[in-house]
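Before any comments, here is the structure.
The chains carry the letters A, B and C, assigned in the order they are written, with residues numbered from 1 in each.
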Amino acid sequence: MTMSPFTRVLLGLCCLLVALWLVAPTLVVVPMSFNENKSLAFPPKGFTLDWYANFFSNPEWSSSLFNSLKVASLVAVAATVLGTLAAFGLDRMKSASAGWLRMILLTPMIVPGVVLGIGIYAVYLDTHLVGTLFGFVVAHTMLAIPFVLIAVSASLEVFDKRLELAAASLGAGRWTTFRTVTMPLIAPGILSGFLFAFVTSFDEIIVSLFITSPYLKTLPVQIYSSITRDADPTVAAVGTILFLATTLLIGLGLVLFGRERRT
Amino acid sequence: MTIRRSILSGSAVALVLAALSAPALAQEKAVAGEVKEGSLAGKTLTFVSYGGIFQDGQIAALEEFVQKSGVRLLSDGPTEIAKLQAQVESGNVSWDVVDTADFPPFVHCGTLFQKLDFTKIDVSNIPPGQVGECSVPAMNYGVVLMYKNETYKDNPPKSWKDFFDTENFPGVRAIDGSGDPSGGFLEQALIAAGGSVETMTAADIDKAIDQVRQLGPDTIYWKTGAESQQMAESGEADMIVMWTGRAMTAVKNGAEFTPVWQDWLVVMDQLTIPVGVKDPDASHALINAYLGKRSQEVLAEKTSYTPIHKDAQPEVEPAVAAFMTNTPERQQQGYQQNVKFWVENFPETQEKWTALMSGN
Amino acid sequence: MSGSDASTPARSDANPDRGSPRSGGSAGRAALFREGWLLVLPALVVLCAVMAYPLASIAVRSISQPEWGLQNYAWFFGTPVNLTVLQRTFTISAWVTVVCVLCAYPYAYVMTVVGPTLRVVLILCVMVPFWVSGVVRTLSWVLLLQDSGAINSALRGLGLPPVRLIRTQTGVVIGMAQVLLPFMILPMYSVMKGIDLRLVQAARSLGARPSRAFFSVYLPLSLPGVYAGAIIVFILALGFYITPALLGGPRSTMLSTLVQTQVLSLLQWGRGGAMGVVLLVATLVLLALAAPLMRQRHKKTGAR
């Protein structure tokens, strides 16, 4: 579309501002993490690395990080298996009821978190699942299944079924066809579903706040309670570390992905 | 008559003898602050309090206990009675020792909180009149009115009356909304509304709460002590009702606020053990250790709160000393709430207070 | 089962190559269908156990606690403050949606016209918020919006009067909009990149001014993306909890916070449940109302 230079500049400026708005706020935790005062009041004063040391030495923080990694890994595996199976199932059904089923399986994405939270809390209180690993994993798996379903379904949509047909006509059994043809082709979808499931669990806060106990706190719960209860800059240090870690991971992914595309 | 009396006195003697010998026979009597080496190894206790510098101080005070007993100590919070109730009712009690506000242990004694076994807790050094059936004091402290210097300059508020006077002292108010209603604060509201505290009746609760409501829709209810501190440090509110320890920390962190000591509200937190904890003996041992002289000194040094061991001699720095409430001068300025009244009218007050906080 | 097949002839006809080679007749299709069910079942079981059952138990509590009846709903709709909060929840969500549409539209458009490298950068900017812990992002907003925060420090530095942002509706809208913006940008982008720009050029060559060409050709074609994004954002905003809880004050309380207070601070399962049911029903009704708009999107993008 041809644009006047004025429109072009205006658009560019809008775009830049929105990009800043998306990214910059997160960076404000970085200076805060070096604050000498045990306070979250801006602007930070002085310089210290105490809060980083606290994150790594305080068992409350390290155990919550460990819990989150554990829960998220289990959830990623469980949700990927269940979500992929469901995606295949829906792909076979292809009927009105499949449409309904898909909608039902996606509802965890739109049910307000607090409503889900109080419901699960009520059930977990009765079944003594509050603060248990099993309780966390099941609840998070439910929340993560939609993401896996979407990712795998998307790659099944574009997947050319004639390839399966070809394999079958060449005498491959159903399992062999699946293993040698279907699986490798939809692997990127499954992988991105896996990652989304991991992140969903790792970042989940609302339901977790309801079903947590002193024995099992996940990192977001610890961050939330530290913000509201302690207001100490350790949270800023944690935020900075998480931000750095994910940036590194994504950067690494980009480099690898970029190289793959070039070759 | 005489026979009966002699039987009575005889049994009284027997009772006294039994009482004297029983602890020696059954078990050694607990001494505040002492714990047996390795007695709780492999066990886990969860200590629940209000977070921030207060809980940090409490954990520091328990450090020796943790090291000696070998217990693994977790902290959680902030204390919320409803959350505790959900735990007790469903049999999922994960809180072993709970620091609560003034009234709950008296209101829910025996139902939510256990009656304490005072052979396992040594209360002999606690100032008289502070030990309840279900609780011991956690510390003595105050609730104080803090005002922002920049807002009021030459005409600062001098009393609670000024706090409720939004016409002559405009500005955003921040109030303790951490859960339980504060009796002392409501009494001050009642006084400001023209009521009398001496002849207070249940009908006056509404009057007091209405007075608070009249502070207007901009009033903030802070949920945790850390939040009140944050408000002072960022200058968000003009007058804040604060716990003295948080006021001290805020000022230490550079908040330009001044306390009004006239009629500061005398309060004390309570240490309790919920009904249905896994190991009541371990919970008792924690409380007994908490009451030790050294523990209380550590607590006071970290928080500015008054120790509840009569011999404790904390060495506090000046910034902390400025907010200690146990000096003779402060003792004179303090305002004592009518604990009996508020405990008797607790459910009603709590319902109305929560309605106010959620905007009703 | 074959009945449901018959009800959607268009779909099954449109995909003649679907299904495994051995499924020629309707019997084979029925077998496949059964197999499909079996594969979906495990996910469905999890969903029933930790979503359907808990939601049902909340609904039951809302009419059974403290006693059977509709008193909790009567209380909800009879208490002015609840209605205020309900209305506010919708108002804030609407504002968030408007802000998101206005900011996302130019951004998504630029994404479709720039070179590949710049596009990756722009996509990354959208994804960054996804990858940074939601709680930490809200903390960032607390730091920015405080009275002594970054924004007010900057204003003061420029000699401007400070603005009260934290614990105001404006602050909550700013924070929520940033969190939800990616959900607006991505659907818009996916629709916009499918728009054939030659249509706009055709309009221009027929003498339409740029603005006219935009409003009468490009905008209508991009609307499905706007609708989809707006619906998602609005619905997610309705149920927001963490951001309003940390950034908000008494005048920006949203329904989720009230639900939490009723349950966790007051143990009023009945009242909290009733509020939860109201929030859930509002969400579902909105979705049902919006479904036609979504379907329109399928038609249009399908035609490209």
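Convention: a residue touches a chain if its C-beta (ideal position, glycine included) is under 8 Å from a C-beta of that chain, and two chains touch if they have at least 3 such contacts.
Owing to the predicted nature of the structure, the values given are computational and were not obtained by experimental measurement.
Participant: Starting from the Cα centroid of chain C, hunt down the chain whose centroid lies farthest away.
Facilitator: Taking each chain's C-alpha mean as its centre, the farthest from chain C is B.
Participant: For the interfaces B-C and A-B, which has the higher count of C-beta pairs in contact?
Facilitator: A-B
Participant: Averaging only over C-alpha atoms, locate the centres of chain A and chain C and give their separation in whole Å.
Facilitator: Distance between chain centres: 17 Å.
Participant: Go ahead and note the Å separation of the Cα centroids belonging to chain B and chain C.
Facilitator: 44
Participant: In whole angstrom, what separates the CA-based centres of chain A and chain B?
Facilitator: Roughly 41 Å, centre to centre.
Participant: If I count partner chains per residue in chain B, which residues reach a count of at least 2?
Facilitator: In chain B, 86, 230, 233-234 touch at least two other chains.
Participant: Could you pull out the residues of chain A that touch at least 2 other chains?
Facilitator: Within chain A, the residues that touch at least two other chains are 40-42, 228.
Participant: For chain C, write out the residues touching at least two other chains, lowest number first.
Facilitator: 146, 148-149, 264
Participant: Taking the touch rule as given, give the residues of chain A at its contact with chain B in the complex, in rising order.
Facilitator: 37-42, 45, 60, 125-126, 128, 130-131, 213-215, 225, 228-231
Participant: With touch defined as at the start, can you tell me which chain B residues reach chain A in the complex?
Facilitator: Listed in rising order, the residues of chain B that touch chain A are 44, 46, 48, 50-53, 55-56, 74-78, 86, 90-92, 94-95, 223-224, 226-227, 229-230, 233-234, 249, 253-255.
Participant: Using the touch definition up top, name the residues of chain C that touch chain B in the complex.
Facilitator: 79, 81, 84-85, 146-149, 166-167, 249-251, 253, 258, 261, 264-267
Participant: Inside the complex, what are the residues of chain C that reach chain A?
Facilitator: Residues 4-5, 7-8, 11-12, 15, 17-22, 32-33, 35-44, 46-47, 49-51, 53-55, 57-58, 61, 103-104, 106-107, 109-110, 113, 120, 122, 124-137, 139-144, 146, 148-150, 153, 178, 181-182, 197, 200-201, 204, 210, 213, 218, 235-236, 238-239, 241-242, 246, 256-257, 259-260, 263-264, 269, 272-273, 276-277, 279-280, 283, 287 of chain C touch chain A in their complex.
Participant: Could you pull out which chain A residues touch chain C in their complex?
Facilitator: Listed in rising order, the residues of chain A that touch chain C are 1-4, 7, 11-12, 14-15, 18-19, 21-23, 25-29, 32, 40-43, 81-83, 85-86, 88-98, 101, 104-105, 107-108, 110-123, 138-139, 141-142, 145, 149, 161-162, 164-165, 168-169, 174, 199, 203, 205-206, 210, 219-220, 223-224, 227-228, 235-236, 238-239, 242-243, 246-247, 250, 254.
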